[in-house]
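By written order: A, B, C and D. Residues from 1 in each chain.
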Amino acid sequence: MDLYQELILDHSKQPHHAGLREPFDAEVHHVNPTCGDEVTLRVTVDGTGLDGIIRDVSYDSQGCAISVASASVLADEVIGRTVQEALDTFAGMREMLTSRGKVTGDEERIGDGVAFAGVSKYPSRVKCALLGWTAFTDALIRAGVDAQALTDHTTQGVTP
Amino acid sequence: MTTAARPFTDREVAAIRGDFAILTRAVRDGHPLVYLDSGATSHKPRAVLDAERAFYEQHNAAVHRGAHLLAEEATDAFEAARATVAGFIGAPDHELVFTKNATESLNLVAYACSNAAPTDDPKDPRFVLGPGDEILVTEMEHHANLVPWQELARRTGATLRWIPLAGDGTLDLAGLDGLLSERTKVFAVTQVSNVLGTVNPVTELAARAHAVGALVVVDACQSVPHLPVDVQTLGADFIAFSGHKMYGPMGVGVLWGRSELLEVMPPFLTGGSMIELVTMERSTWAPPPQKFEAGVPNAAQAIGLAAAVRWIDEVGIDRIHAHEGALAERLLSGLAERPWVRVLGPAAGRPRGGAVSFVIADVHAHDVGQVLDDAGVAVRVGHHCAWPLHRALGVPATTRASLAAYNTPAEIDTLLAALDRVPAIFGVAEAS
Amino acid sequence: MTTAARPFTDREVAAIRGDFAILTRAVRDGHPLVYLDSGATSHKPRAVLDAERAFYEQHNAAVHRGAHLLAEEATDAFEAARATVAGFIGAPDHELVFTKNATESLNLVAYACSNAAPTDDPKDPRFVLGPGDEILVTEMEHHANLVPWQELARRTGATLRWIPLAGDGTLDLAGLDGLLSERTKVFAVTQVSNVLGTVNPVTELAARAHAVGALVVVDACQSVPHLPVDVQTLGADFIAFSGHKMYGPMGVGVLWGRSELLEVMPPFLTGGSMIELVTMERSTWAPPPQKFEAGVPNAAQAIGLAAAVRWIDEVGIDRIHAHEGALAERLLSGLAERPWVRVLGPAAGRPRGGAVSFVIADVHAHDVGQVLDDAGVAVRVGHHCAWPLHRALGVPATTRASLAAYNTPAEIDTLLAALDRVPAIFGVAEAS
Amino acid sequence: MDLYQELILDHSKQPHHAGLREPFDAEVHHVNPTCGDEVTLRVTVDGTGLDGIIRDVSYDSQGCAISVASASVLADEVIGRTVQEALDTFAGMREMLTSRGKVTGDEERIGDGVAFAGVSKYPSRVKCALLGWTAFTDALIRAGVDAQALTDHTTQGVTP
């Protein structure tokens, strides 16, 4: 089955940047109500605009292989990047994940996120792969990143 | 809706009738069935029955509860049905809640209001009613849009008031200013009367109710199946209708609500699928529409309803409206030629839906209906779940013919001919 | 129930499977469907789909509302369906209320209780709850038999208490004396756990609850489809179950209640068909069961459910019970051979329903389910709408296989074989 | 159609013993909720047992031809009879009406009631023909006739 790519299994067994670290600017707790899985996620970000730099993302993820691996890849992809770059990755992930197998994902844009392409064929697992990402954008807003800029930016290029 | 929409031609109606196996039935000593009771429930075209069956035979699963292939397919089909039905009334998907019938939809809003009584959580004040507050209904309502509000008034201590019926079967709006005030929290009104066919000026009434801050709940049971309804222009906050009156299956209804209101409205039925988090002590709710759809949903029926909507789209709701209008005119002028018949409701030429109710002096509606039934003509008799309306009209019961896309001019003539037996049987002077 | 009832032979199961078109489906790259999710919803035999269709094509009409032939036929068919379903649980017809699902049935009782709050009319004190009163549930309940009681407690000021889960997946009854008292007005309990398959000693529990004057509400969703249930000996005052889990259509559920209680219980949904008299000021109610069936009833679904009951009667509920029991034993012993699997719930040999839930250390249930789905095996994963139960078990989610009459020993083996892929994929030590 | 027998139409046009008269021992008001029709009925009865004599039945009936005619025939049949005889007639009427066309009715027992035989083929009209009769038995009870004897007696020989 093309869902459990080696890369996803590796990340899920040894999630990168896992654990909750200090200091942080905001912490959020998100739940996937269909399964009850939870993620607690913290961000540290310099600045409030799209040019802000994401210093750290730390998290505690209670969930399936997909959700744990997704949070791990997220951390890999966004730490050290600008808010704008991170949101680009998110938009690309979302576009791919909600495409029902039509969009394979652009490695330039979403890096290791391409390993999740198979998820898009399993609609009930899409939420798993997005759980960390929605927690992350929510955390950015709570950390003071301009919410409007953020929404405007992430809704670009998203398959509706 | 093109104003120039034409009634169906004979050939078109014949094709439409071909979709309904039941219309070939013979009743009472071999009479062909003349079904003029679609206001109670319509028949269901083959496409609807096929859609339900195909779902059960290919994709049956509990929606929103499983991760396996069938569950995904069932969920997709259910959500696609939601989108289809929502699109039919001009609404975004997430504003459409599936219920079991319009009665549940209206009770949902009424109970949500009493669930908003101030407790630990702060609730949106628009839903909170108490003594001194008022609920405004009309004297024309179906029991489904009256009794739930009486009960809400009883539960909360609010006062129920109503717009009276005018002599011509419209609403008497003369006193409306005195009835609407800052105290009015809910205004509930039917778009089309199920008895008289009266079309109420809902948009204007909603604007006046909104001006005093009331929530506007519209009973669209007799409008959605018969004329184009667009929630974007209607002016209502909530509308309720039933699938079984619009060529869809029994056991499915709709509540549409503005998403801004659905977000803050407390839930009604609680249980599986509508929760976010559950502990033994307390629970929190999923976002709408799931918040209002507790339990394993009636997916097969929702999918059947979507097939009904596609069927209506194919024949054209504007043409259905024109067709039923032409049949109603034919019926009204036939009845006008019979002085012993008194039609209730708007005079010919005024806007009306596809229901025509009448009385025959000294003959009880049930006896009229029985004579018609004997000739194969199915109409409804009684108070049609609108007892206060009948009291206001001063009649205990009426005979109602109600129309659908599949009715023909010839069926109207059969009704009229059968009606002509009534005076002789019951000894009514035909000139009276 | 003959204690000697045998599981179905291969030939018998093959015949049974022939009634379910969906079971011939191929899923995920051509695997034959192995459906082990009947606890969520069962498939529906051809006889059920045919019964619904025949109703729509021959007798469709609004029941209890018309005087014409179709309306009479529809009403007869609907009432005959009520008699069939009532007979199945040993009840007289008039004690059986049709709802949309078990969730509505349970909400009905919970809301009827808050509608009994003292107002103008004197209400039966058994239904009146207030501060100081208690509602007793269990930690094992499906959300549908928990959240409505939480909400009733919130509305009335009563206190919710619960019987905790014991380590072996049964109820911990040690503290029951302290939980039941004169303050207990309602005791709600499931007959069979939808997660663990635990069969609760309902008759004994009901007797203890009755001794303190409580109303006893039993969630029979996972018992009625799987074992003989007779309300005359069960000891409950109300039972709730869903049609779609017992080979019937979606969109229909049942509430059974003792007639003496249904008589005095206030109504829940209000509107057409459930009234006796309606004025603008107030309304009075029809006798039960009509009092609890507001709106045009889901007659087609009720008739489909009656066909499902006849289908069950033909294959025999005692044989279904024996068959599922044998399959469950096969599954349990297969799982016992796999040390990396931990089964939750009653140990093998103890009475249990046809649901088996398990966990695999370090592999999330959704991932297990996905691997099974990939092999065509449909199971349910997650908290199965019993989140507090999972919390009590200390697991976030489980994988559940649930059985029906159409499952085969070979399907159990397919499940086990598919399960064996899990350790390799997720790197679990098979000996652990 | 065999529903509207000449006799029924005659009674419905000129109901016998109609109108509410004094004196009376009990008055009841019954409603047929399916149509909203109403009957107010008064009885005068000498005695409280099955041998009591029904002195008068007067009524005001708002309803269909069947219900009005049925009340009229009822009054004809029971006035001057014993409670036992009246209940026999009721039991015979009910047996016939609920028989779905199977029982044609015994003229010895129910007199002009046999004209209502056709009603039994129209289940939705059975309530019409029974409305007056159930009001009548209710009125007997309120007039002091022993309820148990009454129920025991009327449930004899009734098609269930």
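Basically, contacts are C-beta pairs under 8 Å (C-beta built on N, C-alpha and C of every residue); 3 or more make two chains touch, one makes a residue touch a chain.
Here is each chain with its UniProt name: A, D = Nitrogen fixation protein NifU; B, C = cysteine desulfurase.
For clarity, every value in this text was computed on a predicted model and none was experimentally measured.
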item: Intersection of the contact lists for chain B (cysteine desulfurase) and chain D; value: C
item: Which of A-C and A-B has more C-beta pairs touching across its chains; value: A-C
item: Centroid spacing, where centroids are CA-atom means, of chain B (cysteine desulfurase) and chain C (cysteine desulfurase) in whole angstrom; value: 31
item: Separation of chain A from chain D, taking each centre as the mean of its C-alpha atoms, in whole Å; value: 78
item: Distance from the mean Cα position of chain C (cysteine desulfurase) to that of chain A, given in whole angstrom; value: 38
item: Centroid spacing, where centroids are CA-atom means, of chain A and chain B (cysteine desulfurase) in whole angstrom; value: 45
item: Where chain B (cysteine desulfurase) touches two or more other chains at once, by residue number; value: 66-67, 71, 275, 277, 366, 370, 381-382, 387
item: Multi-chain contact sites of chain D, meaning residues that touch two or more partners; value: 34, 36, 122, 125
item: Touching residues on chain C (cysteine desulfurase), where the partner in the complex is chain D; value: 64, 66-67, 71-72, 75-76, 275-277, 286
item: Complex contacts: residues of chain B (cysteine desulfurase) adjacent to chain C (cysteine desulfurase); value: 21-22, 25, 27-28, 33, 35, 37, 40-41, 43-44, 49, 52-53, 56-62, 65-71, 100-104, 106-107, 111, 114-115, 117, 119-120, 139, 142-148, 150-151, 154-155, 160, 162, 242, 244, 249-253, 269-273, 275, 277-283, 294-301, 366, 369-370, 372-373, 377-382, 385, 387-388, 391
item: Touching residues (chain side chain A, partner chain C (cysteine desulfurase)) in the complex; value: 1, 3-4, 9, 13, 34-37, 62-66, 122, 125, 128
item: Chain B (cysteine desulfurase) contact footprint on chain A (complex, rising order); value: 31, 33-34, 36, 122-125
item: Residues on chain C (cysteine desulfurase) engaged by chain A in the complex (per definition of touch); value: 363-367, 370-371, 374, 381-383, 387, 390, 396-397, 425-427
